[in-house]
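Following are the structures in question.
Next come two complexes built around chain A: one with chain B, the other with chain C.
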Partner chain A sequence: MPLIEVENIHKEYEDGKTTVHALRGIDLTIDAGEFTAIAGPSGSGKTTLLNLISGLDAVSAGNITLDSVDISSASARKLSQLRLEKIGFVFQAYNLVPVLTARENVEFTMLLQGVPSGERRKRSLDMLERVGLGEYADRKPTAMSGGQQQRVAVARAIVTHPRVVLADEPTANLDSETGSRLLDLMKRLNAEEDMTFVFSTHDPMVMDYSTRLVRLHDGKVKSDERK
Partner chain B sequence: MDIVRIAWRNIGRNKRRSVLTALAVAFACTVLVFSMALQRGSYADMIRNTVHAHTGNLQVQRTGYWPDRDIARKLTGSAAMLNIIDHTEHVVAAAPRVNGAALVSYGHRTFGAALFGTDPEREKGVSTLADVITEGSYLDKTDVNGALVGYVLAKNLGAEVGDEIVFLGQGADGSIAASTLIIKGLIKRGVAEMDRTAVFAHIETIQEAFSLYGGISEIAVLLDDDKYRPETVRQLESALRDSGHDDAAVLGWPAIMPGIEQSIKLDWSSGIIIYSVLVLVVGFGIANTFLMAFMERIHEFGVLKALGMRPAGICVMVYVESLLLTAIGILAGTVTGSLIVLRFQHTGIDFGYSDEMMAEYGLDPIIHPQLSTLVLAWAVGIVLVIAMLVAIYPAVKAATLKPVEALRHR
Partner chain C sequence: MSILFKMAWLNIWRNKRRAAILLCAMCAGLAGVIVLMGVTEGWIDEMLESAVRTQEGHVKIMGSGFNDNPVIENCMSTELLGKVYDRLDSDHRVAAWAERVVVQGLLSTPRHSRIISITGIDPSREKDVSIIRSAVVEGSFLSEDEPNRILIGQKLSDKLQKGLGKKAVLMSQQVGGELGSSAMRISGIFNTGNGSFDENTVFILKSDARQMLNLSNQVTETVVLLNDIDDSEAVAAELAPLAPQGVDILTWKQRLPFIVETLDMTNRYMIPFYAIFYIAMAFGIVNTLLMAIGERTHEIGVMLAIGMTRMRLVKIVMLESFFISLIAVVVGCAVGVGIVTWYGQHGIDLTAFASGLEYLGVGKILYLRISAAGVGWAAAATVAISLLFSIYPAAKAARLVPVEAIRTIG
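Then we have the complex of A and B:
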């Protein structure tokens, strides 16, 4: 069943006096449980596509539906709610809140959802155990390695059981061994939780791990292959 | 972990900047608490000086005597009224007076004067007349021709202690009021008008000269505390009415000297405006640091939005951060300001260099700053309101950032 439906979307933005066509008519359907990599060279539109799917940016034309919600016409408030309830984010630069410990970072989205503190604490500690960081629960991001921070970011993204995890170049700042361990983790979660993952990447290792590879070039889908 | 705790931790991100911001707020608050306490203290001193100098906390007069002070509108039966007043709660002392206007001459010089006929013994309890004699001695109970003269008036007349002066006025019945007085002493009240015009003499002498036949102009009453004035006024009104003195009116000092109360209100209002402007200037500095903290975290606000934090949540978080910082500054400033005020509350601060100017306004050169709830409420209120206003902009700005643009920001 389609979780994400992208219909003929275009994205243009002004860069000085020139108009940049970031996306030129993308059609894409991603089913629940897929482990999809969107690959392509810099400027191909990978991150733009992820931003549009998550409602962080608005389409110039076309429609996007996520779990039956029309993102293209949703209000800012509704988009916030959508991201909070249905989307988990993993960023290239981890983007943990620096003043919070690993556990508190994982708790953060649950705090926004209004989950009671006792339950938040339990779920966040469980999740940190699951990503192998149980003993790092009280550490702040600055006292953790890049790989550890990214695993905390993954824990933060999945602790609320979102419908989809959008990961923007999640391994770009990691060495290959750490990146591989992170992908193992996400693959396991994909299998165990039937959680949908969509990556933007130009890392061949991520492409190898993915079960579906969508290649973009100049804002268009160049190829789309399921393994 | 909640929004307030996150906001609190965010304050600790850049400790130096946070400390400087809190210090700016604390400084503004300290200045406000001290200045306002000094201002309120000067009012209290002014009221106390005025009340103790002559007026008393309240006066009993004949209805309609004030404000024209027509000597013909006299009170009779003063002995019975004094008996009632003396037995009223919170009354420390009461003194009957006759107030007249006359020309006073000595040799070839003549000046206008305010004549006060008073009971020397009772007057001692009500006013500071006996304490402000700079030369000579206080009125003798038996020497009914003795007078105390303002030192400036005596200087203008060219008269000294022991000299005989003549006064000429109009009696209550339209007759000529004239008599001679021997200067027993010179007084310096510190109130320029009094020192220039006042002549105090025995009440019987003035009553006789002005054809008052035992009538008096007023009874000045001193209370143990001015805060009991309103209830004492009500009690006395009732007691005097019950005893048949229907023509007696009881007036508090604000009714007798409305100018003082009005000038206090005016001075306080203009002070509030000046303080607000000063804090606004400090507020721009605070706004700058709030804005810097916002600029540094634009990317992070983008992340929070991506995670699903609503614009209102971001707005509240940033606003709470600013308010926490302000609250720390206000607490520190209020404590510091209060300690400085308490240090000088009893000893006072001597502004002796402006002695003459202050005398013009009936002020003592030593001002006792006065800490009160009113002072603290205004000081905290002004700083808080201005800080709350300047904190709005970065909070709203953070809330209305476009997520994708914020995420791109480095």
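Then we have the complex of A and C:
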């Protein structure tokens, strides 16, 4: 059953006096449990597509449905609630709140969901154990490496069991070994939790790890390949 | 501690130097407000205390009409005041009371004549209700054993060029319109620190005043000193039913409208000065929070993206401002109250301005005073201003568009 349905979406925005066509009629369906990479050169529209799927940005035309919720017509409040309950985010860098410890960062989304503090603490420690950072629970992001920070970000993204994790170039600031370990982790979670992952990337390693590779070029789907 | 509280607290210290500068400015501002209040309260207290302790007391019992028209015809008979005096003697709130005969008159020497206020006193009682006895700087206080003696102020003595042992003649109108006069010898010179009072008031024995004015048992006023000025209205209200017809009971507020008005006016006129301190604080808070939010734009974008509500974001920013104000309140109040306490004990030397101040009833040393209510008001205003002026930066943070904020690096 499709988890994400993207139907003929267009995205235009003004850049000074010119209109930029970031996406030009994208059609895409992503099923639950897929490990999908959306690849393409800079300016191809991959980050824009991720932003539209998450409701962070609004489409100019077309429809997006996430877990049967029509994102295109949802209010800002509903979109915020949708992101909190159904989507986990991993950004390129600077994902974490620097004044909070790793455990508190992982707890953060549960706090927003209203999970009681005892349960928050237990689940966040369990999740840090699962991503191999149990002993770093009380460290602040500034005392951790870039790879460790991204693993904390992954832990934060999945601790609430979202329907999909959207990761915008998660390995862009990591060396290849650290990036590989991060992808191993996400692949394992994908397999163990049947959790859906969608990446935007131009990193060949991410493309290799993915089970489906969607290539964008000039705001259009150039190829869609399942491995 | 809640994560949101912890975030707000730790956010303050991300840029320690900036936080320290803001806190120093706020603490200095709050301490400044408290010191300013201390000067104002000290000045008003000094003026009031001076008036109460030189002449006015807290409550006065007077013949009807004497307050508005202080002529000898408006004096009162003490025979009818038995119940009032019994009450004064038994009331624990009353520190002391004394009868006086106060009239306007003329003091003449071979070379000068001056219109002055002649105050006939009972020395044994007067020493407890006013500072006149302790204000005697030359010679001695009046004594019932030595009639026809007069105490004059230092300023009057200088102007008349008359010192101890010299003669002066007092004249004043008697009941019925006849002119009464008495020759007196200067037995003491006083200095209360209130130049106007010292220049225009002389003291003689009550019995001498009665003789000069052809009075039997009448007086013009009975002054009552209380242990606590705040009891003035209550004591006056309780004495009123005991007073005979033709006698008024007045509090210092009714007797000294100038001081009451000055007190009100001072409080009103000080508001712009306090406002300057608070406006400076407000700009500091807005500026600091805007800078902090600017530096955290990406982070705020991430938080909004993962589902944080805008209202929660507003709460965090306002909590930051609240915590800053709490620190400023604790430190600023400690510094401000410390300064006021020190100058409350040691005083500020105003000798350079003494000639002007003494006419306002203020001495050469100003002792700062501040009430707990004053400190509470200054502290509450600091917290309120901090919260009020954090709304704009908080709203600005809440209006950030997540997708644009995330693009901001850093």
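Convention: the second predicted complex is superposed on the first by the 226 of 227 C-alpha atoms of A that agree within 3 Å, B and C clash if a C-alpha of one lies under 4 Å from a C-alpha of the other, contacts with A are read in each partner's own complex, and residues count from 1 in each chain.
The rule we apply is simple: a residue touches a chain if its C-beta (ideal position, glycine included) is under 8 Å from a C-beta of that chain, and two chains touch if they have at least 3 such contacts.
Remember, predicted model here, so these are calculated numbers, not experimental data.
Overlaying the two complexes via chain A brings chain B and chain C into a clash. Looking at the shared chain after the overlay, A:97 reaches both chain B and chain C.
Shared-chain residue A:74: touches no atom of chain B or chain C. Touch criterion not met for A:32: it reaches neither chain B nor chain C.
After overlaying the two complexes on the shared chain, residue contacts for A:125 are found with neither chain B nor chain C. Residue contacts after overlaying the shared chain place A:57 against chain B and chain C alike.
According to the touch criterion, the shared surface of chain A, contacted by chain B in one complex and chain C in the other, consists of residues 51, 54, 56-57, 77, 80-81, 83-85, 89, 91, 95, 97-100, 104, 107-109, 111-113, 156.
Residues 51, 54, 56-57, 77, 80-81, 83-85, 88-89, 91, 93-95, 97-100, 104, 107-109, 111-113, 156 of chain A are the ones that touch chain C when the two sit in their complex. Residues of chain A that touch chain B in their complex: 51, 54, 56-57, 76-77, 80-85, 87, 89, 91, 95, 97-100, 104, 107-109, 111-113, 117, 120, 156. By the touch criterion stated above, chain B contacts chain A in their complex at residues 1-2, 6, 9-10, 12-13, 299-300, 303-311, 313, 402-404, 407.
Those residues of chain C whose C-beta lies close enough to touch chain A in the complex are 3-4, 6-7, 10-11, 14, 298-299, 302-309, 312, 402-403, 406, 409-410.
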